[in-house]
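Let me begin by presenting the structure, written as structure tokens, before commenting on it.
Note that the chains take the letters A, B and C in the order they are written out, and that residue 1 is the start of every chain.
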Amino acid sequence: MWKFFHQLASPPHFYRLAAVLSPWLAAPGIALIAYGVYAGLFLAPMDYQQGDAFRIIYVHVPSAYLSMMAYMIMAVSGGIGLIWRIKLSHAVAAAAAPLGAAFTFLALATGSIWGRPMWGTWWEWGDPRLTSELILLFLYFGYMALRAAIDDTAKADKASAVLALVGVVNVVIVHYSVEWWSSLHQGQTLMKKGGPAMDPAMLYPLLAMILGFTLLFGSLLLRRVRTEVLFRERRTRWVREMILSPEGS
Amino acid sequence: MTDAHKEQPSIFSGLAATARRDLLLAWKRPGDVLNPLFFFAMVCTLFPLAVGPSAEQLEFSGPGVLWVAALLATLLSLNSLFGSDFEDGSLDQLLVSPQPLPVLALGKTAAHWLTSGLPLVLVSPILAITYRMPMSVVGVMMLTLTLGTITLSLLGSIGAALTVGLHRGTALLSLLILPLAMPVLLLGANTVSLAAGNDVYTTGIWALGAYAIASLSLAPYATAAALRISNE
Amino acid sequence: MCPRNSLPSATECKLLTAKLSAANLTLIRGERCLFEGLDFALDNGGLLLLEGRNGCGKTSLMRAIAGMLSLETGEIHWNGVPVLQQRQTFHGELVWLAHRTGLKWDLTMVENLKFERSLRRQSDRDPEEVYAKLGIERLKRLPLRSLSAGQQRRVALARMLLADVPLWLMDEPFTNLDREGRKLVMELVEDHLGADGMCVMAAHQDVEIDAPVTKIRMQ
């Protein structure tokens, strides 16, 4: 078991493994998303309250979920890199950040578009989830800015890992404080939790989309880590040998 | 040469010495303490100028404006927390001292709060009165500012430690700290608003207190780790 | 004495029995490899001299010895235990005379030294005697900014002399000092080594110190 992890953490091994794995995640991911889009747009019934506008949740919910998942991946792999000094782990954190920020932005954009017919405004400060998501986007910006500001990669890795870990604690506090805050101002949350059970015809496409987005995210992450590994190891022999070898990449 | 029976100075001695030294430095350079205070007062002046002097509006926006101004003033003062120590090499000396680094970081943060947070708390009533805040609410505001600035100093020390020695660290520091500071602002300002509206406001006080205690127990470790990383 | 699972080689074991030792140190900063496979051992009364031009990694090696840099490979041992596992204890055994003095310009000499006293175990030396020896006894109440660079250097030396530690780390100790000052530093180091102390010194000048010297020539 330990040998397996040790091997996994070795950059050349991971580089090759990720290349094999990435399409195997992408293919079912795209298939699931295709089903989800079709079923979500055409098969699922109209919501009796929100009309067709509700269909944006098929993008919004998976993005919002991945925005947090990516932050967790970033923080956990940063922490692992910090404690056990695994370089690959830092590369994963570095690769996850822009992806997470992109999904956060997508969640914000879809949330705002959904808000237009629902609330009559593009942005509703009273909604706790949108506000938390916005703060999460700022946390991503801070993380990426810190990485960009430090020239030395090893130092940037460790410093940003500390920031990500502090950020994780903060995300929890943000969540609860924003919830409290919006309850003060009669937040008009329409997407309540514990509401009436969803019609299976609505639910299955959503589950498919969540799973599809996750697989696609995994595939993209692997691709980004590959690039990151290649850049970080550009001085090493295995990279040179690989590039000079007749098969090329 | 080494006398095995002689002990290193205790951690309390290290804690007190770092705090005392920074207070002494602040005493010798009062500008560093006063500038953020002037900034605080000026930001509080900007709002009536921008939105008009109507009493109703000022009363309504007072808690929020005071809190935003306090947050920005704290940010302004954070840069010097480790900056000058980095430049003259005394940060390196702290890193090789036989005292635990989190304790020294806590000592420095305590001095920072005493020279930035506490003066803000003490000056805030004057500005609150110009915003027509009733006296009963001023007390609540001072309490929230006390608890909040403690948390801000501690969170800020992490950011300051992460950005120490970087070019253009000031802008970056704000970018790192503001999202972390948002819950503090949210809790603080809304608690004061609740008090102003004669509502129950104790939840916010408890939450701010819990946040302050949590950061007091965790932030020094993060700051110490960040200092070691920044100075590699 | 050899905290490893595999049996160490004879040279490794010899290195580990020394008071301060290092094996197979490699440090990469950014794109540059500053040193690779570096070994050394230092015992009581010995001087380790790091030589080489500016920017060759002397200061980095010094910082690595002080436990402030993470190395690519290798470990530094103090009393046979890796420095990073006993950082606090180890820091109690050393004083670092860095390139930047680490003294506060707005504080007086006495205030600066008082701060140091609260952090680190002090020797039995009489402070007044130390000040007199360094020729700074009349500067006690002046803020450090009004002192010349050489005088500030002497205050940093006073801080080193007053600490009760066996290991002195001296990064370019002769900077800003006149001929007389340089001689004084060499005498102080000789006395320290004579009293079973140890010293690691980075210098690009010639050093005349009567003690067992190990030299590391850095590229």
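In this section, a residue touches a chain if its C-beta (ideal position, glycine included) is under 8 Å from a C-beta of that chain, and two chains touch if they have at least 3 such contacts.
In this text, all values refer to a predicted model and were calculated from it rather than measured experimentally.
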### Query
In terms of CA centres, which chain lies closest to the overall middle?
B
## Note on the structure
Contact tally winner between A-B and A-C is A-B
## Note on the structure
Taking each chain's centre as the mean of its CA atoms, the one lying farthest from the centre of chain B is chain C
## Note on the structure
Cα centre of chain B to Cα centre of chain C, whole Å, reads 36
### Message
Roughly how far is chain A from chain B, centre to centre by C-alpha average, rounded to an integer in Å?
### Response
32
### Task
Would you mind pulling out the distance in Å between where the CA atoms of chain A average out and where those of chain C do?
48
#### Entry: Per-residue multi-chain contacts in chain C, two or more chains
70
### Summary
Where chain B touches two or more other chains simultaneously, the residues are 232
### Per-residue overlap in chain A, given as positions that touch at least 2 other chains
152, 154
### Complex contact set, residues of chain C against chain B
66-70, 88-89, 91-94, 96, 98-107, 111, 115-121, 124, 143, 164-166, 195-197
### chain A residues within the chain B interface of the complex
82, 135, 138-139, 141-142, 145-146, 149-150, 152, 154-155, 158-159, 162-163, 165-167, 169-170, 173-174, 177-178, 180-181, 184
### Summary
In the complex, the residues of chain A that touch chain C are 85, 151-152, 154, 235
### Message
With touch defined as at the start, can you tell me which chain B residues reach chain A in the complex?
### Response
155, 158, 162-163, 166-169, 172, 175-176, 178-180, 182-183, 186-187, 190, 194, 203-204, 207, 211, 214, 218, 222, 225-226, 229-230, 232
### Summary
In the complex, chain C touches chain A at residues 29-31, 70
